[in-house]
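Here come two complexes built around chain A, the first alongside chain B, the second alongside chain C.
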Partner chain A sequence: MLPLGGKIILLILILMTLFFFSRRAYFLIRLLQQGKPENRFNHWGKRLKYVLVQVFGGRCTLKNVTRGDYAGFGHLLLFYGFSLFLISYLFHIAEGFYEKLSPSILGHGFNHLFFLFLDIAGLVVIAVILWAAVRRYLIRPNRLDPTLEAGIILVVVFSLMLLHYLTEGFRILMEGRPFAEWSFVGIALSHLFEELGLKGSSRSFFFSFWWLHLIVVFGFSIYVLYSKHLHILASFFNLFFHSLEHRGALPPISELDKAKGLGVSKIEDFSWKKLLDLYACTECGRCTANCPASISGKPLRPRDLIYHLKAHLLTSKDGRFPIIPQVVTEDELWACTTCHACVEVCPVDIEHVERMIDFRRHLVMSQADFPSEVKSLFRNLEIFRDTHGKGPSLRTEWTIGLPIKTFRESQQFEILYWVGCEGSFHDRNKEVSKVILKTIQGAGVKVGILGKDEMCCGDPARRIGNEYLFRELVHRNIGILNHYGVKKIVTYCPHCYHTLKNEYPLFGGQFEVIHYTVYINELLRNGRLKIRRPLEGQVVFHDPCYLGRINGIYEAPREILKSIPALNLKEMPLSKERSFCCGAGGGRMWMHESQGERINQIRSREAIETKADWVATSCPYCLTMMEDGVRGQETKEQVNVLDLSEILYRVIL
Partner chain B sequence: MGQEIFIMMEQKEGVMEEPSFSLLSEGKGLRERLGSSHLLSAIVMGDGIRNLERELGSWGADRVYYFESPLLKRYQSDFYLNLLSGLVGEKSPDFFLFGATSLGNDLAPRLAARLRVGLITHCVDLYVDQNRVEVIKTISDQFLHQKLVFRHSGLRIVTFSLHALMRGDQDFQKRAEVIKISPKIEPGQERVRFVNWLKADPKTIGLEEADIIVCGGRGVGKKTFEMVHQLADVINGSVGGTRPVIDWGILPYERQIGQTGVEVSPTLLMALGISGANEFTVGIEGSKMVIAINMDRKARIFKFADLGIIGDIHQVIPLVMDQIKKVKKES
Partner chain C sequence: MKIAVCIKQIQYIYARTGRDPKTHFIAEEDRIRMINPYDELAVEEAIRIKERLGEGEVILITLGDLMAERALKRCLAMGADRLIQIHDPYFKKLDPWTTSMILAKAIERLTPDLIFCGKEAVDDHNGQVGAYLAEWLGYPYISCVVGLELLPNKKAMRVSRALGRGDKEILECLIPALFSVEKGINEPRYPTLPNLLKAFEQKIECWDGKTLGLQMDEIQPMTEVVEIQYPRPRVKRISAPDGHLNGFERVLNLLAGSKMEKKGRLLEGSPEQMAAEIVRFLRENGIIKD
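Let's turn to the complex of A and B:
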């Protein structure tokens, strides 16, 4: 199509684009190589399938649409539409060298269809771009910043669509008859141009737009690597290399004994995958919009944190300075409740929470720098091996008057009831642990406890970053559990549940771990436990993060509540996957909450607004926080906060 | 002449003060355990102190070395140190017991360094095991105990943790032999000089150190919290609050008692309008006496109270304050 001179210029343009693109890509990959090794090169088939579903199946963009966030739908249309255009650009370049390399080499029918789809896609993309622009610059949802960068991309994509139609319109006018008879926008435009008397100069118009179109495409492909649109490429890889571990299960530190790998102080202490995360970030802000710390006015804003880390990675070269406090402040990283709301909504699987713990590990284990309130928790765990500092002799105090035996006395038990520190020492939670025990025993299950041999599972120490302390507790607990040959464990606390079930296996402790809601629901289902009377009223269930979002248990507690006749189960606006944290996770239970509003107040208000009679939950931390939150409300409306088991216990007696 | 156990007395404005008496009792116990005939010698420094033979004798002192000089009225490290090291050189006692007070904490290390002998601080107990004295001291914020022995013979200096000291029984018949010494002290030679007493203000003193604490909770109410301050003023107490009160912003964070605040151990703690959630009570478990006022008779705080008053604090506290003022006036 082009004369020899034109072909040479085109070739030079292509080579230049390739040069700048590869130079930047090489730079970015070199930065990744600075990260610590981490094996994500296993299970290729599984990973490939995941990417296909997430990217081409649209799961990553659509997963938030079901939660009322419709922007993902637009993004998917943009993705499909633009992908079609990417193919057209290949033909575009090819036909510059050799005329016959247009889509028509695949047959005339294909040509028709391809350009029909392209025209439709162009209109769709334009519509989506306009919608995006209106959202960003007029509606301005909180999570989006109307940045210049976003504006540039919108303008560029919009002009690409425009150039496509202009090129097409003048080509049809120039060639006299449509090369693709179904490209309706192009045909319409060609009529318009004819009306405007441009037929004579159509050839020069066509070639001008043809070149301009290509130059914009080339420019765009380089700009992508310099902007947040790096995610177009990086998110693909990021999804491919996603973690196959259970959500929220932190990997052990392999060289803990050599005091190596104690968290992250400099950017190169991250694994390469956590650096890739930074490239993949689309800056969509969903993490911040759903983060309880951000919402309650704390300095932590996950999107900004990722963005600042990315900027730090890209700009600082040799002699990198410590991340804390220049890039990430201590207030930010201690504000995280590890609720995983950010991880849940992130379309590109960025691992936010593990990163927070990496920072905490560095502060706690290398610097001994942590909120002073936590000191007594650590000491209690170190000396007494429980969170309350009471010691083993008081651990079984709650069982006084109850027919319960420990594994030391007998080992003829179906299950081990893992009470946890809160259930053993905290007066309010002790009531719950009693009720759970009585309920399980009421079903005729032979249940035993570890009694004085039980220790803290280690969750608080681990989330706060004290891996040494955690490991000590894990090894002791696993030793005890193996000593008694424990096979099946039922826990009260979702934090114990998560730690025992998902983290102990990485330390060699293999047990069947069940949360009591699931276990009791099973007892109800198979008739071992019977509901004897109705309970009139309305109840709303607060999903504990470590039960719901992190372990996917949403239905068992609801099924229990629904199985009680006359009891009406309500839902808060934020429930199940979107449930809002109570504010106590990640060791926050032991930290002072001074910045912004208290998280438990926000959640309690939401619960009260449902006008339910009871708020049910199934986590000792949530119970404490919700009770306090409800008491702290200035409104007259009151609501009783109960553990799920306490409600059930009223109707099975 | 028998061997001696020296015991450092403390006085203020001419009046003997604790830990003097408890230390004497401790000395008596030590002598018993040693099964020896050590003389208990109390060291007193001051001016114009009377009745020492009776007062200190009743607590078990056999002998009192009384250094009398106007310059010794208040603790003065150089003077005290010179006189003590002189006396020790002369009498060669086997033990020297101090209280871990600001005086003891300052003076005992100086004396040990001057005499090049061993010192064990913050001890809580002394054992005698086959003539070897074992000293138990707390470490790691009093969470752990450590057992120590002196490797040398001769003088052994020990300071006692105040919370471990207990007074024994008094023997009112006993008299001590008072040896009055009028030392020659040249004023102007001291490197540190006494300037002024600064009395601790219960309003600014750290809650961990406060002896009397009035703690207000959610039940007091944001608008009527002034009442807590008033009561604290009347009984010379420090003011503390529960977490919600700190959240209201009417007390600074360092006044917060509980899990995410400070843990206190006052002689008297008044808990006003506090329900007593676990997160609060972990902070007051070290209190010696707790008086709780709450409307709800089932409030958990009453489990921790030595005296519980069921009632509206807004009615109870004014009555309590009136009564205290009345008693104060009468005395």
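Let's turn to the complex of A and C:
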């Protein structure tokens, strides 16, 4: 199509684009190589399937549509529309060199259909772009910043669509007959241009738009690597190399005994995957919009944190510059409750929480620098092996007057009831552990406890970053559990549940771990436990993060509540996957909450607004936090915060 | 500046779980072996002085069996340089006098500029060793120290001392001197993991009676514990047994610790629900018939 000179210029343009593109790509990959090795190269089939569903199935953004976030639709349309244009650009370039290399090479039918779809896609993309621009710059939802970068991309994509139609229109006008019969926009435009009397100059118009179109395409493909649109390429790989471990199960430190690999202080301490996360970030802000720390006015903004780390990675020359406190402040990383709300909504599977723990590990173990109120927790765990600092001799105090035996006395038990520190020492939670025990015993299950032999499962130490202390507790607990030959464990606390179930196996502790909600629901289902009377009232269930979002148990507690006649189960606006943290996870239970609003206040307000009589939950931390939160509200409503088991116990007596 | 710190290993517990008075009513498995918390304050203060001066040596001295080795080494990890254990099977039961005598011999060998110890140990609350030790060494002694400052001439210390109820006394004394520290002087640091692991590897120097040049017959306790009396169990308040019962039943009730357990149950729910419950109960127990 082009004369020889034009072909040479086109070739030079292509080579220049390739040069700049690969130079930047090489730079980005070199930066990734700074990171520590991490094996994400297993299960290729599983990973490929995941990527297909997430990227081409659009699940990455559509998963948020059920949560009232409709941007996912637009993104999917944009993705497919623009993908079609990417193919058209190949033809566009190819026909520059040799006329016959147009879609018609694959048959006239294909040619017609291709341009029909391309025209439709262009209109769809334009519509989506306009919507996106209106949303970002006029409606301004909280999570989106009206940045220049986002604007450039919108304008470029919009102009690409426009240039496509202009080129098409003038080409039809120039050639005198449509090269593809169904390219309706192009045909319409050619009539318009003819009306405007541009027929004579159509050839020069066509070629100038043709070149302009290509130059914008080339420029954009380089700009992509310099902008947040890097996610177009990086998120594909990021989703492919996503973690196959259970969500929330932190990776152990292999060289802990040599005091090596203690968290992250410099960017090069991250694994390469954690660095790839930074490239994949689309800056969509969903993490920040759902983060309880951000919402309650703490300095932590997960999106900004990722953005700052990315900027730091791209600008720091050798990666040896300490991240804390210059790039990430201590206030930010101590604010995280490890609730995984950010991880849940992230379209590109960025691993936010592990990153926070990496920073904490560095601060706690290499610097011994942490909020001073945590010191007493660590000392309690070190000396007394529990979070309350009361010692093993008081661990069974809650059982006084109850017919319960420890594994030391007998080993003829169906299950081990793992009470946990909160259930053993905290006055309010002791009541719950009694009720759970009585309920399970009421079903005729032979249940035993470890008593003095039980120690903290290690969750708080681990989430705060004291991996060494955690490992010490884990080894002792696994030793005891194996000593008694424990097979099946029912826990009260979701934190114990998660740690025992998903983290102990990595340390050699293989047990069947069940949360009591699931266990009791099972007892109800198979008739070992019977509900004897109705309970009139309205109850709202608060999902504990470590039960719901992290372990996917949403239905068992609800089934229990629904099985009680006359009881009306309500839902808070934020429930199930979107549940709002109570503010106690990630060791926050033992830290002061001095910045911003209290997270538990926000959540209790939400619970009170449902006008329910009872707020039920199934986590000792949530119970404490919600009770405090409800008490702190100025409200006339009478709301009682109860554990799920306490409600059930009223109707099975 | 050379600083010696005397630290005591204790077995600590909140509750009485055992039945044997000889073991202080503590069941063996419940013993929690730790360093006396006041002594940890002393260690921290010594390390802070060393850090402030930028030079010096902190030497920890403990007397007796290694029953809390990890806790001892944790003190090393906080930043102390040496750990000396004084142990000799010939040491019999030691009272504060003999304890301080042995410690004094050890400290004489070290010739420190400052000596720290805790105000008292939380297991026996004697609080005497510090004072006796100063006496043996002939050094000034200040108890309940809550603040310390080395004067510019580096020959004397300015010390603030807690008098109770928030009052403070400011004293000055020449060094070498001995201070026993009180809560509030500092907040002991948390050792970093690399330091902790290093400390676990460090060897404990062991000195016995011979190293110290002690004549065993010199070690004569001044006091002797004749008997330890434990508090009577707390009186349990119970409601008086039902007067209608006969004597035997009443004694049984008292032995059981309270009156007969209430068998009743509180009804909850709407009035209709509760009424239905009452009717059901009456019917089940044959009080009313259909």
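Throughout what follows, the second predicted complex is superposed on the first by the 652 of 653 C-alpha atoms of A that agree within 3 Å, B and C clash if a C-alpha of one lies under 4 Å from a C-alpha of the other, contacts with A are read in each partner's own complex, and residues count from 1 in each chain.
Heads up, the rule we're going with is that a contact is a pair of C-beta atoms (placed from the backbone, for glycine too) under 8 Å apart; a residue touches a chain by one contact, two chains touch by 3 or more.
Values in this document were obtained by computation on a predicted structure and should not be read as measured data.
Q: Mind checking chain B and chain C on superposed chain A, clash or fit?
A: Verdict on chain A: clash between chain B and chain C.
Q: If you stack the two complexes on chain A, which partner ends up touching A:Leu653: first (chain B), second (chain C), both, or neither?
A: second
Q: Kindly classify A:Leu116 by the partners it touches after superposition: chain B alone (first), chain C alone (second), both, or neither?
A: Once the two structures are laid over each other on A, A:Leu116 reaches no partner at all.
Q: After superposition on the shared chain, which partner residues are touched by A:Gly632: those of chain B (first), chain C (second), both, or neither?
A: first
Q: Let me test your reading of the model: by the given contact rule, A:Ser366 touches which partner, first (chain B), second (chain C), both or neither?
A: In the superposition, A:Ser366 contacts chain C only.
Q: Considering only the touch criterion stated at the top, classify A:Ile383 as touching first (chain B), second (chain C), both, or neither.
A: both
Q: Mind working out whether A:Val65 is in touch with chain B, chain C, both or neither, as first, second, both or neither?
A: neither
Q: In the overlay, answer first, second, both or neither for which of chain B and chain C A:Pro392 touches.
A: Once the two structures are laid over each other on A, A:Pro392 reaches chain C alone.
Q: Going by the touch definition up top, name the partner, chain B or chain C, that contacts more of chain A.
A: The partner making contact with more of chain A's residues is C.
Q: Between 99-107, 189-197 or 279-287, which chain C stretch has C-alpha clashes with chain B?
A: 99-107
Q: For chain A, which residues belong to both interfaces, chain B and chain C?
A: Touching chain B in the first complex and chain C in the second, residues 383 of chain A appear in both lists.
Q: Provide the residue numbers of chain A that touch chain B in the complex, in ascending order.
A: Against chain B, chain A makes touches at 373, 376, 379, 383, 388-389, 426-428, 589-594, 598, 624, 627-628, 631-632.
Q: Touching chain C in the complex: which residues of chain A?
A: Listed in rising order, the residues are 256-259, 262, 365-368, 370, 372, 375, 378, 383-384, 390-394, 452, 468, 533-536, 650, 653.
Q: Which residues of chain C touch chain A in their complex?
A: It is residues 13-15, 17, 26-27, 29-30, 32, 34, 71, 187, 189-194, 196-197, 265, 268-270, 273, 277 of chain C that touch chain A.
Q: Where on chain B is chain A touching in the complex?
A: These residues of chain B touch chain A: 140-141, 143-144, 218, 244, 247, 253, 256, 259-261, 263, 275, 277-279, 282, 300.
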